[in-house]
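The two complexes that follow have chain A in common; it is paired with chain B in the first and with chain C in the second.
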Partner chain A sequence: MSDIIIFLVLLAIGFTTGTIIESAHFKSIRKREKELLGIPVVTLEKANEDDTRIDSVYLATGECVVALDYFKMVLAGLKGIIGGRLGSYETLIDRGRREAVLRMKEKAKKAGCDMIVNMRIETSSIGQNANQKNGFGCVEVVAYGTAIRLKK
Partner chain B sequence: MQYSPKTADDSVNLPKQSQLAEFIKLVAGIFAVAALIFMALGLVVDLVVPHIPDSAEKALSKYYSRVLDRSYKGGAARDLNRILSRLAAVNQGRKMEYRAYIIPSPEINALAFPAGNIGVFSGLLREAETENEIAFVLAHEMGHYENRDHLRGIGRALILALITTVLFGADNGITDMVANAVSGIQLKYSRDQEKKADLFAVDLLNRAYGNSAGAVEMIEKLGKKEKMSAAYFNFFSTHPAKNERIEYIKKRTAEMGYVRKRQLKAPVSFKTIQVESFSENSIILNKKRR
Partner chain C sequence: MIITNIETVPGKTIVEHYGLVAGNTVRAKHIGRDIMASLKNIVGGELKGYTELLRESRQEAMRRMTEQAEKMGANAVVNVRFATSSITMGAAELYVYGTAVKVE
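Moving on, here comes the complex of A and B:
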């Protein structure tokens, strides 16, 4: 009986905190994306600028790790039985990717750069044991690219 | 090439359905399917149970030795088995090697373990005033053996454990949870099964003692002490309502012309049983994986 109660409490805590944190995160992501709109990020290898106009280049990186909550984990476990779109993880991946790109842009902006080219996104795997007992799940995203400062 | 800044479009990557709605739908769906499978396999159990040989039942009883080995030994256990053998001697039903065990617990309850091993909680022995009352409880459990109710209960519990293991994996919190819950559920019987056992017990009681006194008295005591909070392991909470039981027992007594008088005093040894306060977990029958 106590096991069931603990499970339900964890589920409720996971859902409440998870929902609050996620909606706050999305709000912040949307706001910052708007603020950093001025810095273009492209996957092209070269900037569409004349080389003589480039002042300097930097490596700009952004990393982000977002943890699962208990509710998402249970939901994913249930979904794993019947299959289908795993929405509870999709929001997590979306948050991870956008946050990593945003941090990369923030870094570039601090260095006074004007654009980022050759941007790449990768995931690492610290939290591989997500599906094991007592394991935790998380999304880890690294975004990096070449930040370019133009001559003023 | 001109760079024109645009904000990201949320609608593509993010799920449209709320996660809570998805969760509720999933739980309801999986539960419905599992319940269907459970009921179907439950019917299979009913078909198989009458054909389970005694040797298989004996093998099954080994899994309960954890509980039975910790039973109270001493004079009271001997007295209890003396009452049991008096009943077994006149039992015209299923021949088994009946044995009674005293399980130290304040609850007023008794359980039918496989292969004729009857577990009587020490709380029941303390509460009983006469030997006939205790004989009724033992006879009631013998009635369950007669109809193989205990095997039906265990069979259904196994299916439930099987379904949860398939759904959630063996090494999972939910499976552990169900395994623990099952140990309580598996010894709960339907009202119909209880009625059959009651009527069997009244007949057996009359055959052994020459009268059917003790049955109504015991049920009165059970009703009085029935605690809803202990329902987790109290299988008497699934028994038919107290009044209903007394009614059909009295009816049976009248129909068969049984007399209800002259009760034997309960052995003194029952009153002196030391109830060490067993924690709830120690009575849990399933092996707990931790």
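Moving on, here comes the complex of A and C:
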């Protein structure tokens, strides 16, 4: 009996705080994305600029680790039985990738760079063992690219 | 040391190639951080301890790579790539590799 109560309490905590944290996070992501629109990020290898105008280059990186809440994890587990889209993981990965890209752009802006070329995203797993599936649902993202500063 | 992940260094010309340089690292946080992370997993959101872990391992891997390039006499590393893998739970595994070159 007490097991069920603990389970339900965890579900309720996960649902309420998880939803609040997620919507706050998305709000801040959207706000910062708007602020950083001035720095274009492209996956092309070459900058659309004359080489003589380029002042300096450096590698900009950003990283982020986000986790699912307990409610969404249980939901994803249940959804795994019938198959189909796992919406909770979709939003989780979306959050992680956008946050990592934003951090990369913030670093480039601090260094006075004007654009980022050849952006790449790499994901890893810290919270999960390679050989077993019962790790906790989290995603680790590293975004990196070449930041370019133009001559003023 | 100039590091880029494109094939050249814009605005400069490559005069000499030195070949592959790489750096790898496997880092873990102490058990307290792992317990905190699993508690944080109830409410979800960002796991700051693990983000920090990822940053530290990236810095460490890049430091090893640039040290190797410096030993060769290079002043830039181009076409840098990151690769990640999972060996064990609670550890961040990062491998970074690129081509050491001399630019002018």
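As a convention for this text, the second predicted complex is superposed on the first by the 145 of 152 C-alpha atoms of A that agree within 3 Å, B and C clash if a C-alpha of one lies under 4 Å from a C-alpha of the other, contacts with A are read in each partner's own complex, and residues count from 1 in each chain.
Heads up, the rule we're going with is that a contact is a pair of C-beta atoms (placed from the backbone, for glycine too) under 8 Å apart; a residue touches a chain by one contact, two chains touch by 3 or more.
Source: prediction; values computed, not measured.
With the two structures aligned on chain A, chain B fits next to chain C without clashing. By the touch criterion defined above, A:K72 reaches both chain B and chain C. When the two complexes are overlaid on their common chain A, residue A:C64 makes contact with chain C while staying clear of chain B.
When the two complexes are overlaid on their common chain A, residue A:T123 makes contact with chain C while staying clear of chain B.
In the superposition on chain A, no contact is made by A:E35 with either chain B or chain C. Comparing chain C and chain B on the residues of chain A they touch gives the larger count to C. In the superposition on chain A, contact is made by A:E99 with chain C only, not with chain B.
By the document's definition of touching, of the two partners only chain B reaches A:D3; chain C does not.
Of the two partner chains, chain C is the only one that A:T146 touches; chain B does not reach it.
Annotation: superposed on chain A, chain B and chain C show a minimal Cα-Cα gap of 14 Å. Shared interface residues of chain A (contacting chain B in one complex, chain C in the other): 72. Residues of chain A that touch chain B in their complex: 1, 3-4, 7, 15, 19, 26, 30, 33-34, 37-38, 40, 42, 48, 71-72, 74-75, 77-79, 81-82, 85, 87-88, 90-91, 93-94, 98, 115, 133.
Those residues of chain C that touch chain A in the shared complex are 2-7, 9-11, 37-38, 40-47, 50-51, 53-55, 58, 62, 80-94.
Partner chain A is touched in their complex by these residues of chain B: 1, 3, 5-8, 10, 13-15, 17, 19-20, 22-23, 26-27, 29-30, 167-168, 171-174, 176-177, 180-181, 232.
Interface residues of chain A facing chain C in the complex, by the touch rule stated above, are 10, 13-14, 17-18, 21-22, 25, 45-47, 49, 51-52, 54-59, 61, 63-70, 72-73, 99, 117-118, 120, 122-130, 135-138, 140, 142, 144-146, 148.
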